[in-house]
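Notes for the one structure printed next.
A, B, C, D and E label the chains in the order they appear, each numbered from 1.
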Amino acid sequence: MRSNSPSLSSSGTPTPIIGAAFGILLVLSPILLGARGYLILMSLAGLVIVVGGVIAVAFMSFAAIEVRSALSAIVKFSRQTPAKIDDLSHDVENIVKWSSQIRNKGMRRFEADIATERIGDPVVRYGLNMVLSEYGPDDIRSMINTVADACYEREIRPVEILEAMTSHAPAFGMVGTLIGMVAMLSNLTDNISGIGASLAVAFLSTLYGVLSARMIYMPAATRLRQDVDRRRSRHNFLAEGMAMLAGKKSPMYIQDRLNGFLRPEVQDYFGARSASPPIRLKVVHA
Amino acid sequence: MRSNSPSLSSSGTPTPIIGAAFGILLVLSPILLGARGYLILMSLAGLVIVVGGVIAVAFMSFAAIEVRSALSAIVKFSRQTPAKIDDLSHDVENIVKWSSQIRNKGMRRFEADIATERIGDPVVRYGLNMVLSEYGPDDIRSMINTVADACYEREIRPVEILEAMTSHAPAFGMVGTLIGMVAMLSNLTDNISGIGASLAVAFLSTLYGVLSARMIYMPAATRLRQDVDRRRSRHNFLAEGMAMLAGKKSPMYIQDRLNGFLRPEVQDYFGARSASPPIRLKVVHA
Amino acid sequence: MRSNSPSLSSSGTPTPIIGAAFGILLVLSPILLGARGYLILMSLAGLVIVVGGVIAVAFMSFAAIEVRSALSAIVKFSRQTPAKIDDLSHDVENIVKWSSQIRNKGMRRFEADIATERIGDPVVRYGLNMVLSEYGPDDIRSMINTVADACYEREIRPVEILEAMTSHAPAFGMVGTLIGMVAMLSNLTDNISGIGASLAVAFLSTLYGVLSARMIYMPAATRLRQDVDRRRSRHNFLAEGMAMLAGKKSPMYIQDRLNGFLRPEVQDYFGARSASPPIRLKVVHA
Amino acid sequence: MRSNSPSLSSSGTPTPIIGAAFGILLVLSPILLGARGYLILMSLAGLVIVVGGVIAVAFMSFAAIEVRSALSAIVKFSRQTPAKIDDLSHDVENIVKWSSQIRNKGMRRFEADIATERIGDPVVRYGLNMVLSEYGPDDIRSMINTVADACYEREIRPVEILEAMTSHAPAFGMVGTLIGMVAMLSNLTDNISGIGASLAVAFLSTLYGVLSARMIYMPAATRLRQDVDRRRSRHNFLAEGMAMLAGKKSPMYIQDRLNGFLRPEVQDYFGARSASPPIRLKVVHA
Amino acid sequence: MRSNSPSLSSSGTPTPIIGAAFGILLVLSPILLGARGYLILMSLAGLVIVVGGVIAVAFMSFAAIEVRSALSAIVKFSRQTPAKIDDLSHDVENIVKWSSQIRNKGMRRFEADIATERIGDPVVRYGLNMVLSEYGPDDIRSMINTVADACYEREIRPVEILEAMTSHAPAFGMVGTLIGMVAMLSNLTDNISGIGASLAVAFLSTLYGVLSARMIYMPAATRLRQDVDRRRSRHNFLAEGMAMLAGKKSPMYIQDRLNGFLRPEVQDYFGARSASPPIRLKVVHA
């Protein structure tokens, strides 16, 4: 629904690219600041330890398919600007519309109507299916919440993997630095510029570890968690709405009830009453 | 309501300005302590890494509009002294007044009366609207709590951003220091005062990171969280009050019930009974 | 109640004074260990950064009146030994006594009796007031719990401030050390004893930060939290007791019910039954 | 059930072996990087401190039998690739089948039938036993949940032990490094290459501590926690299913209800309704 | 009950003594590794700072009587191997026995019988007392749970103290090291072996801090927490059992219900049904 709203709400600035450019600049800055050329080659060992260690531990701790989905989230987010879409107004409209169809035409006619619509969202489809099977509101609510919980548990795993990677990256940065220092110290001589160069290479591992944690794994984890949480709230909202459909509540009641989930910009409960004549004199509770 | 109470309770001392002055003093102190002049220029790189890194990661992790609202909270708080306003006595008065209006004149007359008042607060207006639509107390309570939860989830996001910034700032301070040390070590010579100056510049990044976390991001996060929590408790309180309005409870019952939310200084339940004759001989529960 | 029991249970040892003496000894120990005299003067800067920074951030983050109450808790606790008083037996006695007065003489006579007693505790007074207004047990319980929650939220704030100070102090110690090192490094010479003295001064800041966190802010936070938690459990206990008063439960039932909150030393439910003839053959539930 | 699915979902790559090879490579890398040969011998002390310390503290903190089960989890996981098996479709099938057997033939015939099946899973057997004893649904649910909780508390202990080990390993790495540095410093001479070698050995302890925490204890803890959580969700699912068996719900209702626990790939609620004629016109609630 | 099972399950190895030997070996290892003899004497200051600081802060933060009970737990645990005893089968037997006595002979005869038994456990005695007073199941459950909560709050305090000590010990280790370094740096000369010796002594404080935290305070905290948690689950179990006694449930129902709390090795619900003829054809719910 409204797949164009992200670009709308963030005015098209490709932040992730700017961020990545900033990160690469930081990684390369020692060379720009005059560090000797062969640092780039030498620091490859550090890069291998940090990136390899983080990915190896991830595959040792979690199922391969889940690690791959966490890694693909990193790739996906690097092409998108984070956007704030938790607009449920389209869902509110649909549920209110369905509720008046059920009230006016009955459940069987509604079933025929809905069969012609192409409903893509699996949870909405499952919910409608259960409503058409005429389960009670409490059954419907707990069925959809079961689906929502199972869905959340599956989707939160890649977030956990990315958060584990955020904690592993600086640790492997430290591992790289320690290895570099042990190698340097075990051959310690008076050659001060040799010592300096070795230490510089050793410290690069820590730099890679901290930077990859802060600029790759942590932003991806934060954004994926927001996505997953947003989907979960929407599922809880759908559970509430479908339960009211099953309870054959009046469209007006459903509208009032679901409005609370909307953002103030979208809600129209503010001036509505004072502007229009009091149309809702008394709600007859179904 | 009572917009003058902040200045009242904090006796007008512009603490944030004193704090900022203290912070700038700390940042400049190395120069005051005799460090060479060009440190100021050189440390610009550190400042760019710390401030730029924190802001870049924020824009990579959260929607642009939310990051901007977090940054504007920093600016806003720098001009205000933190104040302790959780005074709900005005709301208690209003709800008790409305409850006696509903009891005495009926719901429709109350609707006409309330239409003439200008109620600015959207949650109060939404709640009254739902009371006038004659929903039951439990519906009202859960409707307002839904609005309160949705509102809280929106408002807590900038707090989360500021807390993420608090954790990013020292990390980027360390990044700056590592870059400085790598640059210095890769050109290590015997020139001891050159080494000293380079290390000094490198350490300034860590200083900027720790100071900006502790004196900018963390105070802003703490204050914004207090604001958001305070607003949430008021919403929960309003849900309770509006539910009692809808339940047509007696004004006295509502007063007694809501008094518990007030601060002792404001509550008048202490001497009240002994001073006055026992007017509440028996509460007839509505 | 029983204001003399703290001194009783802790056998009069003025631990805080011993602790403070230990702390001052640690701070002065470098000088005792032979460090040069002017260290004391020079380290003033570190002290100002650590103490000043912690207090400035506190005033930037929290309302002035709350910070002052947190600071006054430090002063208060420095004069007292921590004591373990969570003895509710006096409250149990009172509630049982009142319950038999209500049973024997009726609510109105009890009201006259209680008016002659001087009840200092505001929550007890509020609870009795609500019992006399003849609210139901559930109303009473939730009213007193509302007061208890509001009270807890007010009282826990200084604990949060002291805990924030505990985390700020070592950070500002690090700030002081960084400033000292930057100043020293930017004027690095071959004068080894000069370097040593500068570094010594710089490290003193970290020492002040860690010591003030561990010996001032953290003990105060821990003790204040215990006090606040203790007061909260007593309020929850009072809510339970007052609800039973309002429910006109038998004094024996109330005694049995509230005994569970007492400490084993005070409870007399152990030998009671076997020692005395079975007086409670059958409880008639009110 | 479907014991071949792990190898299916992870395409047979023996990740743990690759991971272990990577770890050993890292540990040996200082020697590969040219560190002197006797480092290997000398660093034995560090290895003893890190491994011995972690295991000694584990045996001091937890029962021997539980520590052994934690250690055996490490061994077990090193031979397996982590797999994602939370497929409950087999359980759903069984419960639906049993429910229609109970409906069609009655409880006593079902008891005879089930006695011939060999049910290996103790919780399923216990649940069926309680269903055959004709306890009510709420009793059944809380009985199985009691078993699930008791089971979880037993099984989570080795996870806690592995997590404690993860935190102990770097601490004992630091202990080894401190001991090495104290030994070196107390015999400090001008022999710079001697100092270097001693420091290199000292730093190896920290390297062992960090690497063993990140590549041994933490992955084992993460995987064991996933196993235990998975088993717990299955038990909660069984409690729900058995309660519906005891409540004599219709097989269709049970199917719809339990489908929510399945993964979308397995669920067939998506196209089912539109493909087939509306067979579930009206559910008669048992 | 079954006081001999600890030695049974841990096969008599006195792990704490081995652990302590390992710890002392680590502390002395610098000397064994050849550090100069007077290190032992000099490092006394570090020991005083670490041990004294931790204990001083404990007495400043908690009541003296509670700190003493935390310290005595350390002493107690140093003489015992941790054991895994959460066997409730004896309690299950007793409750089932009492339930059939109540069913067969009536409450008054049961009271006479039970008076002759010597019941040592205060919570069991309190629970039976309340059952004999013929309170309802819900009253009994909440009374015993109140006792269990009050008991838990008292017993968890020493755990909190030991956990605070675990966090204080490394901090005071750092304090000792900082004091040693300040003393050394303020008298910095070219005497390299003097510097080494001073630094060695300074680092010993950190070593003491980390080792005492990991090998003394943390194991004691972990074991005490296990004890307290175990006692709490048993109390919750007793609350459930006593409530069923008061509800006059059948012994068979009580057995089935409480079996879920037992460990699989002890439970006999597995083969029971299939082995024996179906004796429980239909449970008549009391």
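Please note the rule applied: a residue touches a chain if its C-beta (ideal position, glycine included) is under 8 Å from a C-beta of that chain, and two chains touch if they have at least 3 such contacts.
Bear in mind the structure is a predicted one, so any value in this text is a computation, not a measurement.
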(request) Could you run down the chains that neighbour subunit B and subunit D together? (result) A
(message) Counting only Cα atoms for the centres, state how far subunit C is from subunit E in Å.
(response) 25
(request) Mind checking the centre-to-centre distance between subunit A and subunit C? Centres are C-alpha means, answer in whole Å. (result) 41
(request) List, in ascending order, every residue of subunit C touching at least 2 other chains. (result) none
(request) Between the chains shown, work out who touches whom and classify the graph as line, ring, star, complete or other. (result) ring
(request) Can I get the ring sequence of chains, opening with subunit C and turning toward subunit E? (result) C, E, D, A, B
(request) Can you check the complex and tell me which residues of subunit C touch subunit E? (result) 9-11, 13, 15-16, 18-19, 22-23, 26, 29-30, 33-36, 39, 77, 81-84, 192-193, 195-197, 199-200, 203-204, 206-207, 210-211, 213-215, 218-219, 222-223, 226, 233, 253, 256-257, 260-264, 269-270, 272-274, 278, 280, 282-283, 285
(message) Residue numbers of subunit B touching subunit A in their complex, please.
(response) 49, 52-53, 56-57, 59-66, 111, 115, 122, 125-126, 129-130, 132-136, 139, 143-144, 146-147, 150, 153-154, 164, 168, 171-172, 174-175, 178-179, 181-190
